[in-house]
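Note that chain A is present in both complexes that follow, paired respectively with chain B and with chain C.
Showing the complex of A and B:
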């Protein structure tokens, strides 16, 4: 069990006890004792206490370390000096590869420390390749550690409606997928969009400044249970009920198990579902959008 | 006041989506969160059923939801490349509506996954 670039002890407090490390299973009757946990991170977080092996790598060297690890797993030669740049030695990587191969069922949980640092999408691709290649030796999977409640649901819903999990461009009337080109931060930093609908997110507080500046320039519409930083730079804000607390529905757990929500409160505000449906109906009542109608070429 | 007890409630604060929480609510706020972690407890206790914010804002001024919906529809339809973003703290049912809307307005749809 490998945690890479994540700190579950602080960010997902029940991950160890409820899902991953401590639970007893058919092939792991002794729970924690039957498992080996490795933590890969750039600093020793509280999660390191739970780990059998902690590997501290240099910031921004995830891709290099993953490349070296993939080569070692496949029995290829690696350059010692290149590996040393990651902050680890070839012997440490060989030991990790041996432990991974010796596992009956391995999993890599990767966090935003991997997917949001230098390399970004390429790091995620590399770790998924590693997990895929490990299947030549033993059963191995990889799973992202999801930060927000139903971000997995967004992946699942977009997958079964458009065929792609995120960053889907429907401008041409059919879905196109290209992370880095159609992903939000890149679009906003380049200034490609001329309107934005923000659903239960606060990019005004979390995104890079050029992206926030662009959101303030264009008509932004925000649906949120609170008046957020994004609401303040939006032309339109609509207050909605809180998902799972006062709005019913379905949410996906990070292992793609759909779970029903059981709200405990009744909100004075409409749900996101209702508001988005009403916006869609209001758009449908208007004449259709045509490319080039404003004198601009189709994107 | 009698407390409403919701058993096996689902917490949507983080991606773990723990579904074994017992909530005690007094109609306005949640007063007890059994089995929730520290993050889940603050998530449940920080959201109330009070009417703290205006229903809607247009250009920073309070407005009705009806007007806000119409204004949103105008902005989104008139855009050449609108973006629908977020989707991580809303239900799957709302996400389906969002995909349908994105298709109708010919836009880009993206979630926190791309960050």
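Showing the complex of A and C:
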């Protein structure tokens, strides 16, 4: 079990005990004792205490280390001097590759320490390629450790409705996928949109300043149970019930298992679903734009 | 020559694949004014954003800051487009022939998956020039892209054939997953150049920070560079290629794939091969 660029002890506190490290299984009757855990990170976090092997790499060197690891797994030569710049030695990588090959079922959990540092999607692609290639030797999978909110749920629903997980444009009536062009942060930074509906997210707290400035410039509507950075800069903030506490719904676990949520309390506020449905009904009352209907576009 | 002048900046990006000599040639000016462009979800007439003047021909000139106008010259097969100003995304994507010139800067995906023709950007370019679209197996399969300034990420991603020349600095992942073709980095590149490359050649006139999966091979003067030098000289670009100019250090990789690509780094006169 490899954790890469994540700190589950603090960020996903139930992960070790309920889902990954400690659980006993049919082929791991002794739980933790039957598993080997490796942590790869740029600093010694509290998760390192739970690890059998902690590999500390230099910041921003994940892609280089993964490149070297992929080559070593295939028995290819690597440049020792350049590997040393990652903070590790070739011998350490060879040892890690040997342990990975010796596993009966390996898994790599990668966090935002990998996916949000320089290289971003390419770092994720590199680790997914490593997991895919490890299947030439043993069973291996890779899974992202997601951040706040139900990101997995958004990805899953977008995937089964449009065929793509994110960065989808529906302007032409069919989905077009191009991260970097149609993904939210890029649209906002370039100022490509002239309105924004924010649901279950707080981009005002997490996105780069040009994106936040653009959100403040355009009509932004936020649906959130509480006041957030985004709702402060929005033209409209609609308070909604908290899903899972006072509203029913479905959340997707990080392994894409859907979990139905039952409300424990009543709320005076409408649910997100109800607000969106009412907005949709109001929009549907307006005449739809079709070529040739509005005179200007008689082509 | 047909002249289009941008009279109003679109509030959201304009998708204008109809701005191409293949579409406009042979059409009367009124028909050109009625060509459709996509403004967000709405389909609009071209003359809502552009003044159309001049006589119809294969020669098209666009004046104004068209940095929010996407898909100019998409899949064009002939003629010439000159943009006096900046150009938006996907300029000359899927281009099959002809020439595009930009006097200012261009955005991402210049010449993506082009198969022939020439694109010349005087200023800077965004990322993914000559690259393959997401999910596509191969990027540019022919033609030439010349970028006068700096370029962004993933230049030449999955390119299979053709030539890209960048005079300024290129950002990360230049020549990512290259399958063929030649990428000239006259101003050097940042990091992870040639990552995952299978084949093809990257030539840099400045030192590069290479991945650990590239192995030093030799120092020499590749004779094939002379052929490229002659061709590039016709486009106003000179590269050192003779023995007196100094040697190139050859690195091969990327062994993580494993690939047979090569990176040639010019070492200047100090390391010339005897």
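The rule is short, and it goes like this: the second predicted complex is superposed on the first by the 287 of 299 C-alpha atoms of A that agree within 3 Å, B and C clash if a C-alpha of one lies under 4 Å from a C-alpha of the other, contacts with A are read in each partner's own complex, and residues count from 1 in each chain.
Simple rule for what comes next: a residue touches a chain if its C-beta (ideal position, glycine included) is under 8 Å from a C-beta of that chain, and two chains touch if they have at least 3 such contacts.
No experiment lies behind these values; they were computed from the predicted model shown.
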First (chain B), second (chain C), both or neither touched by A:83: second
First (chain B), second (chain C), both or neither touched by A:171: both
First (chain B), second (chain C), both or neither touched by A:15: first
More chain A residues in contact [chain B versus chain C]: B
Partner chain(s) touched by A:71 [first = chain B, second = chain C, both, neither]: second
Partner chain in contact with A:179 - chain B first, chain C second, else both or neither: both
Shared chain A surface residues [contacts with chain B and with chain C]: 171-172, 179, 192-194, 289, 291, 296, 299
Interface residues, chain A side, partner chain B - complex: 11-15, 18-19, 112, 115-116, 144-158, 161-162, 165-173, 179, 182-185, 187-188, 192-201, 203, 218-219, 221, 223, 225-227, 231-232, 234-239, 242-254, 257-273, 275-280, 282-286, 289, 291, 294, 296, 299
Contact set on chain A toward chain C in their complex: 63-64, 66-68, 70-71, 74, 76-80, 82-83, 85-86, 118-119, 122, 171-172, 177-181, 192-194, 289, 291, 296-297, 299
Complex contact set, residues of chain B against chain A: 4, 6, 8-19, 23, 25, 27-30, 37-39, 43-44, 47-51, 53-60, 65, 68-115
Parts of chain C lying in touch with chain A, wherever the complex brings them together: 11-13, 15, 34-36, 38, 40-45, 48, 68, 89, 108-109, 127-128, 133-135, 172-173, 176, 191-192, 195, 210-216, 254-256, 258
